[in-house]
Amino acid sequence: MPTSPLARGVWGVVATPFAGSTLDVDEASLGRLVAHYESVGVTGLTVLGVFGEAARLSTAERAAVLEVVVDAVSLPVVVGVTATALAPAVEEAELATKIAGDRLAGLMIQVNTADPKQLAGYLRAVHHATGAGIVVQDYPVVTGVTIGAAGLAAAVREVPAVVAVKAEAPPTPAAVAALTAGTGVPVFGGLGGLGLLDELAAGAAGAMTGFSFPEGLVACVDAWRSGGYPAARAAYLPYLPLVNFEAQAGIGLAIRKESLRRRGLLMDSGVRPPAPAMPAALADQLGRHLEVL
Amino acid sequence: MPTSPLARGVWGVVATPFAGSTLDVDEASLGRLVAHYESVGVTGLTVLGVFGEAARLSTAERAAVLEVVVDAVSLPVVVGVTATALAPAVEEAELATKIAGDRLAGLMIQVNTADPKQLAGYLRAVHHATGAGIVVQDYPVVTGVTIGAAGLAAAVREVPAVVAVKAEAPPTPAAVAALTAGTGVPVFGGLGGLGLLDELAAGAAGAMTGFSFPEGLVACVDAWRSGGYPAARAAYLPYLPLVNFEAQAGIGLAIRKESLRRRGLLMDSGVRPPAPAMPAALADQLGRHLEVL
Amino acid sequence: MPTSPLARGVWGVVATPFAGSTLDVDEASLGRLVAHYESVGVTGLTVLGVFGEAARLSTAERAAVLEVVVDAVSLPVVVGVTATALAPAVEEAELATKIAGDRLAGLMIQVNTADPKQLAGYLRAVHHATGAGIVVQDYPVVTGVTIGAAGLAAAVREVPAVVAVKAEAPPTPAAVAALTAGTGVPVFGGLGGLGLLDELAAGAAGAMTGFSFPEGLVACVDAWRSGGYPAARAAYLPYLPLVNFEAQAGIGLAIRKESLRRRGLLMDSGVRPPAPAMPAALADQLGRHLEVL
Amino acid sequence: MPTSPLARGVWGVVATPFAGSTLDVDEASLGRLVAHYESVGVTGLTVLGVFGEAARLSTAERAAVLEVVVDAVSLPVVVGVTATALAPAVEEAELATKIAGDRLAGLMIQVNTADPKQLAGYLRAVHHATGAGIVVQDYPVVTGVTIGAAGLAAAVREVPAVVAVKAEAPPTPAAVAALTAGTGVPVFGGLGGLGLLDELAAGAAGAMTGFSFPEGLVACVDAWRSGGYPAARAAYLPYLPLVNFEAQAGIGLAIRKESLRRRGLLMDSGVRPPAPAMPAALADQLGRHLEVL
């Protein structure tokens, strides 16, 4: 199966909505959420990522989530793989490949070692087992692994099946610049869009993140293409206070889900334990952020 | 299903043997390994734990490993759960319950939050879904979660289904003392047996770890019961240099598998990536340790 | 010596300028820098903090820096203490007290333990030795100590000499709310102003940080007082892209010094090793940020 | 000033004794302690290291400690430098040089960067400022810096003034092997002697650590030289249970001081906050360890 570089633009990282006190997957909200993503012009979706709480879903739930997304919209999807070793990663990848079919734009695989050679072998093996393109996610705060931009670029250069890098090892702008210069693949910023302006300036192909107003990410990336930094800055400015508010360590996921709920996109804002809930002290301030958008 | 406290003594944490360059599960070696465990008098086995590389096995491989163990020996088994959230943990737990049947002495669940109330809810929910007893593993170096002995004891007291605690948050001896005093359940030391003498003195019910000479753990725990510290010390002393050698951060698993291979218990000593291999510089020294045992 | 709560507003955290390849303290630039701070209406200055590279200055250099600041402007000063134990902290504190005299608004002491009682004892002892008010800095990324807002509030309540808290343990807005509600002292946000809007909404008394455009911090805090969130938001918006750019982990100090240099406030932008330099790839983007301010 | 490689053998890392509730430096105990070190045949002493609580001493106290040691014994001394940047490190180094004079065998400088070139520049600069030989301490748990054995060897090779490396980045035996092979300088194990047998087998020149029975370290290193591994093992075995007991994270310093007190070498076992005290639950077990030695 030939693989293609991920298209430039915004890839929305999709939250998994849960309903009520049992926190069952809320498929109706999920359908509504991804339809909204499609309506605002994202390039594609990233499903079952860290912010999709994939590590807190059963296999059946992962399958259901992916099916709902594929049915609800016609966007290409990147599917996150939670495991960080070959055998269970391939097991997840096969499920994703089977459900997403030709809608699968890539499997998102986490950097699991600081050794470029070993990483390249791992990426190659996942591709070999599935034929799918590989999106490499460099996210040390989740994995505990720090490879550095030079090492990551070296690994990526060895694996033609890599179709994108998601650069989430701060400071990201310089990493985006190094990865873009050092590999032939598109590099996307994440981390809630905190550094999007600087990542675009460094050569990023777009954003792949879960900010609750994907409209803002799309506006920024579109403006960047047409008008460069001044246009992107002007387009993004209104969203930045909420971007920073949502980027709070640990509680960012809960804030985003509550924001999506208030926007009418989710029925409930519950997160699965052990993810922390949004502190009550922040409820009014979230309201102030949303009021002006 | 009523649950019983885990029996005192040594619970051997079983390595998963892999064969050749493909690193497939080596069922023959696995059967030989657990038969050896049984022959040296361990109380039970812990399968699919961190040192069993469970996080690097597919679902089918996990099932196969557990089946081999249950078929090969008649010991009770604790089965490790890799996931750290309810839905996927229950999925693993159901597989374990189905295969191990009445041989299941407990499900080993990792501390996944520093909040005692939330932890208690999680443990209770896993028990409720499966009926199985719960072995709580407090292992911050793997989970990144630090709860402290007081918080852990508070959680354990709220969940009658907890049948044991595996205390692996250093410094462990004081934690063992606090957990033993603060809960009604047996507390086991881990960490390769590094602090076994001090954990027993602090009230530990035994050892649950993967030291390559379980004979040494059994000798130490038996001697402790019959002769107290002086006897336990004398029994354990010959093994301590190897205990310390195997306790090396990161490479301990590879060292142990190589030791088991040289003992004739495993055919190969391979570990699955990204686990690091044993440095070649240590090969001779491992030989010196084994020579005298 | 009676102590007073720190005045609300912006406390500028002062960089220590170094000259040329020898990286000697550049007193002329330092004088110019603090005069600029005074001209833009800050409430006071924080000297010898983490961002002032105090840990990389000799005793004589610390004394010189403080003397220059006290001579150049008439603002009150908070003086940072680098040591995290009593004897060397008192040694630093005595130097600060001697030089700053009645200009000393407080000694900034870092949280050095997660135990509220022990922390209270430490703060009390530093006050007792010097008579100075205490600004408690909660900055886990530097100290490695995580106390939590509840524990910190408990410690602060026991020490009447505490005149302010600098809250830099993310997520900060909820922490600011808890500390403000739980103590009688003013709480200041830091971290480069990344969460200033949310910290003010949570009750912060102002900002104490080293953002290279203190004008922006002053405008934001002033607007908050007079017009609440909408005004503060409008005032702060133009600065947010640079705030985020400067907040990059590790290299933030170097970026800020280069920004100050381009503004004509510093002669050189050198940082002392092992602080990393600003990556060359970011030079143009810094220019874009500055161009519009 | 020409520098010489540190002599092989045991360098005792000296605790700083404190008296009573004020925790003043107890010079009488200090003199007794180092006299004991001399009497058991150590090669030299390491003063003002991490375990000497140097970071919790004032400048005057550091000077006093060093003076007492130099006066009480005729051993060569390595003097620890607490600061991790040039200017304050040189300030400490000058004090050490002045007091220790020709008794100074080396300044112990901590690895402060993962960049070998930058580290080499730092080490060279400290040497240049003082003329003293440099002992490089690689101790990530204290510094937060991980350079790796290859990077450290590269830095050491560039600085002829390096007279020894103290290897405390686990796993240490392979690091000792790599550093010994990759540099011309003697490499010493630390970490309380936990891996001493394996470090000697890997080529270590000896031990530099604060174990409360330096007799055990001396016996082990002497036996290694004369009889190789079997002799060293036999000599060290009786001490290993206490070595492991003392190696407990965080509380190891307090345990060691209490052990030294019970041995009659210190009057009190107090540690300065925020160092944690020895848990009461361990008091009896310490007694059991000491009884048999």
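First chain written, first letter: the chains are A, B, C and D, and each begins at residue 1.
We take it that a residue touches a chain if its C-beta (ideal position, glycine included) is under 8 Å from a C-beta of that chain, and two chains touch if they have at least 3 such contacts.
Keep in mind it's a predicted model, so treat the numbers as computed, not measured.
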Would you mind checking which chain's C-alpha centre is most distant from the centre of chain D? A
Can you work out the whole-Å distance between the CA centroids of chain A and chain B? 35
Distance from the CA centroid of chain B to that of chain C, rounded to the nearest Å? 47
Where chain C touches two or more other chains, by residue: none
Given which chains touch which, is the overall layout a line, a ring, a star, complete, or other? ring
Chain-chain contacts as defined at top: A-B, A-C, B-D, C-D
Chain B partner, complex, touching residues on chain A are 53, 55-61, 83-88, 90-91, 112-113, 115, 118, 121-122, 144-145, 272-274
Partner chain D, residues of chain B touching it in the complex: 170-174, 177-178, 194-195, 197-198, 201-202, 229-230, 233, 236-238, 240-241, 244-245, 248-251, 279, 281-282, 284-285, 288, 292
